[in-house]
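Every chain is named by a letter (A, B, C and D) in the order it is written, and numbering of its residues begins at 1.
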Amino acid sequence: MEVLRVSNVIPEARNIATVMIEPKDIARFKALRPGQFVMVWVPGVDEVPMSVSFLGGSPFSLGMTVQDIGEATHALCSLEKGDLIGIRGPYGKGFRFPRSPEGWMVIGVSGGVGTASTILAMEEASRRGLRTVELVGARDNGSLLFRGRWERSSSDVRYITDDGSSGRQGFVTDLLREAIGPLTSDERRRTMVLTCGPEPMLVSVRDLLKGSGIGCQFSLERFMKCGIGVCDSCSLSGHRVCQDGPVFALSQVLRMEEMGMFHRDRSGRKVPLKECVR
Amino acid sequence: MEVLRVSNVIPEARNIATVMIEPKDIARFKALRPGQFVMVWVPGVDEVPMSVSFLGGSPFSLGMTVQDIGEATHALCSLEKGDLIGIRGPYGKGFRFPRSPEGWMVIGVSGGVGTASTILAMEEASRRGLRTVELVGARDNGSLLFRGRWERSSSDVRYITDDGSSGRQGFVTDLLREAIGPLTSDERRRTMVLTCGPEPMLVSVRDLLKGSGIGCQFSLERFMKCGIGVCDSCSLSGHRVCQDGPVFALSQVLRMEEMGMFHRDRSGRKVPLKECVR
Amino acid sequence: MADDATVPDLSVEFAGIKLSNPLLLASGIADETGASMARAVKEGAGGVVTKSLSIQPRQGHPNPCIVEVEGGLINAMGLPNPGIEGFREEIEHYKKKTRGRAPIIASVFGSSIEEYVEASTLAEGLGVDGLELNGSCPNAKGLGLQFGQDPVVIIELVREVKARTTLPVLFKLTPNTHDIVTLARAVQEGGADGIVAINTLQAMKIDIMTARPVLTNTTGGLSGPAIRPVGVRCVFEMARAPDIRIPIMGVGGISTWEDVIEYMMAGATAVQVGTSISWGNLNVFGEMKKGLRAFLMGTGRRSIKDITGLAAGVGH
Amino acid sequence: MADDATVPDLSVEFAGIKLSNPLLLASGIADETGASMARAVKEGAGGVVTKSLSIQPRQGHPNPCIVEVEGGLINAMGLPNPGIEGFREEIEHYKKKTRGRAPIIASVFGSSIEEYVEASTLAEGLGVDGLELNGSCPNAKGLGLQFGQDPVVIIELVREVKARTTLPVLFKLTPNTHDIVTLARAVQEGGADGIVAINTLQAMKIDIMTARPVLTNTTGGLSGPAIRPVGVRCVFEMARAPDIRIPIMGVGGISTWEDVIEYMMAGATAVQVGTSISWGNLNVFGEMKKGLRAFLMGTGRRSIKDITGLAAGVGH
């Protein structure tokens, strides 16, 4: 656990802010793979998992983009420069990329604050010289995230909102269906989807890609206590999301009976997943 | 503690043998500086400090040259290939060498099994391109150590024995007096003596070099329990031989009132040093 | 079959429970769901111990409930569990997946002797292969630990449970005592079939920037390699006591096959692995099995059973 | 002098003993000779505690009496010491070298209450500034530990010693207990002026190649960073108990200034440093002082005294 002063809090969208810190253990975080997460301690409040949405700059900084949906996230969004928070990690397995960019296309499918997990991965994909298509969904224009960063990292960014207030009207899976529709089976073999968002959205992506010949990696969420694979509270059909994930391959996701159906409450009880978590 | 099988036991002289092992933690021992020592555990018998007298070869080996003077050393000399012993270390501070060999002369002054500590240092001095003079003393021809290694590492090796059965008759300090006699004060400033042997011999070396303008490093011995600076049983005028030494500079030795006079027994009591330890 | 004669035998029997190897998943570690426990078996575990279960579900302590320290971690989970009845489907799932290959031991606790007894009989009803009475959790007031520090209470607790179950009963001891041998004697006197040791050491971490304890529960339990020398000593002391005849399962800081051997030489018949799966992942079990076999072959031994107590002078 | 106002004050007073800084050399660590103890002061220690002394000299256990493990070491020195009278010249040497700059506390032990009392009065005769009763050494049968685990014995022991000395009397507690607060209460009830905690945790190391305990004494005491979370918890629990009013000296695994602050926030008024000098060397004291000053300045504090108990809710 590294306890640090918040170096900046950047409002991103309605109820969403990016909390910036400057970790001292730089080597540790330089080795981070996009898709990995940290456990964030808000002293006196809670400790919650957060994807790393920004990494780099000078002084070397780490950003977490937080949607205010409850006590801990509200406290995080309300932080001010100089406040203390604790960080441990990075934990888990991040997104993997094709070894050589040659002929590959990477499609980012991001919904809501799930973009906090995909943005760094898609930037990395571009950095590696992969052709990228960024499909970004949000409820409305006011909650659309990272416009500048998307557009700097790819020449092919497509937005969609539930209400049409930005980009097209509809769901991000509509964009995905259109994007993959025309692909030949050869192209499909060299297409990789990276996705994060509300679980119902991920279920749609799964169903859409099942048997399509297209690879996909899903960033999943479950209730986390330890973050390091010992407590089993993030258990999802025998996978511990914190250690075996949070990024899983399509082949794994297809075998997760609980995906989209159940999660575990604080006592470990299996409870139905009522629509999306946020 | 690394417990290993003895790979070889090489008789060296009367009552003296070199015990060879092949440490697994090679990196640790590759960083060893001549003059450092290890704590050697003879299961069921004792744990005693031993200088490292050999290091290298393939497979990478470590040798300790042991004089049989009591229970532990007898057990060590009686080991056979395949027997188990434990090693921890290397510990302490080794010999230091002039940064550039330019114009420097290093004189090794070794008495008895003290050569086990100086041999590796003098070999290292040669390897670094320093001009070396090796003065080697022993009781008699039968206890003279490392003839081949001395002669391979330097073109100027001089032997002396108490009874004249090898080299001249006399004490190794006689050789030292002769070696430094003709040196100009300029040469003295670029002369470094490395010495190890019975404490009375070291006292003579100290007295000979005091005010001579010649630098000297002494490898000392005291009763050791922990070997890592916590138990104070190797205490010598406020220095812990295991951690602050075993190699000390002349300037330090000159301020050690207990040198040549007292050591500590197992209970920490100051007791007179009756002549040489071995 | 003829070839097999040269492959060392890792199987052991612990208090009548047959295990294909001496490595079990420790209680509270990746064992909140049937699927996770089955996965540990797939990775090589010879058996599993469930998360400690109570009659009623418990949420445990709010986060943070874990903090990493040098050589291990401190946890104060606070015994979260879905309740014994809520765990039924997990056990069923486990059994379906493992098909009797690896026994499952239910860890239970309560806030009174009566609750321990009821929890034990309920757990027996789930079809487990043994019971582990958790008399040593330092993280929940009034639960666990207070039933495991007083020999008189231990004897009564074990006796009452034994009277109501036909399953092998193990008792898990705390190292937070000045005399674990006396506690072990009480466990035996109560009629238990085996001892499990050790649970975590009471510990805490204070963050100096905020000047507050990191764990919501303030204090917690230290686990991991840091506590191994304490666990080995506890097992050794109990194994060496000539009047303690029930078998001992060692736990605490085991992360390599060498650690397994160390515990077994100290006197353990089997061991449990906990914290180390957080860095070694669940495949530590597979790695350990490989190492154990190689060690036995290298030292010309036929069976892992020959290792137990070698250093404790047991049977000498 | 005016400038000094901005330099934070590291001085503390512990049970009437004035220390220029809260860092003491722990008992049994580089303190068998006057010269070594004086050296620790030169390197920055605010005070020293002697090796534990007995009436008669003791050789201690034969080698090996130390073994390194992950996060620390296990020792079974067996309380070697030259006897109190044999230590006189060491104390004299120490005092000559340090000239009252750093108090010296004599650690004493015995095999009966009478011996503790005699040892205490003999030690007082050496001109030390305080006494530390070692009621917690796990490495010598019949000595130390057995006088520090039973509240009734502690009360009597402390009372008898207090009746015969005018020196501040500290009592060093073991963590090998299920209830250190009860022991601390006994220490206070006996009339002691302060508590020192913790001594080592009983532990051992078995070598698997030779299948034998490494230490000649079989078991020993674990020290070093591995035990820090246990020590901090012990100090915290005692400091938090509203009825414990005597000051606490924290010891166990301290190797950086951050560790010092952690112990002080838990409730320690001063601390002792042991094992970590084996890797940090004696200049750890100087490093720690630098770090403590920088921390106080960075957080706008004037005195290290303000740190004590910040996390324990002492005085809240």
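One rule holds for everything that comes next: a residue touches a chain if its C-beta (ideal position, glycine included) is under 8 Å from a C-beta of that chain, and two chains touch if they have at least 3 such contacts.
Bear in mind the structure is a predicted one, so any value in this text is a computation, not a measurement.
A.B. asks: Which chains sit in contact with both members of the pair chain B and chain D?
C.D. replies: Intersection of chain B and chain D contact lists gives nothing.
A.B. asks: Compare the CA centroid of chain D with every other chain's and tell me the farthest one.
C.D. replies: A
A.B. asks: If you average the CA atoms of chain A and of chain D, how many Å lie between those two points?
C.D. replies: Comparing mean C-alpha positions, chain D is 50 Å from chain A.
A.B. asks: Please tell me the distance, in whole Å, between the geometric centres of chain A and chain C computed from their C-alpha atoms.
C.D. replies: 36
A.B. asks: If I count partner chains per residue in chain D, which residues reach a count of at least 2?
C.D. replies: Correct list: 205, 212.
A.B. asks: Classify the chain contact graph as line, ring, star, complete or other.
C.D. replies: line
A.B. asks: Of all possible chain pairs, which ones touch?
C.D. replies: A-C, B-D, C-D
A.B. asks: For chain C, which residues are in contact with chain D within the complex?
C.D. replies: 69-72, 74, 145, 149, 174, 176-178, 201-206, 208, 211-213, 218-219, 222, 225-230, 232-233, 236-237, 258, 261-262, 265-266, 295, 310-311
A.B. asks: Spell out the part of chain B that touches chain D in their complex, as residue ranges.
C.D. replies: Where chain B meets chain D, its residues are 1, 3-4, 39, 41, 43-44, 46-48, 84, 86, 88, 225-233, 235, 237-238, 240, 243, 264-270.
A.B. asks: Please give the residue numbers of chain C that touch chain A in the complex, ascending.
C.D. replies: Within the complex, chain C touches chain A at residues 28-33, 35-36, 38-39, 51, 57-60, 62-68, 73, 75, 77, 80-83, 86, 89, 205, 207, 209-210, 212, 214, 274-275, 277-279, 281.
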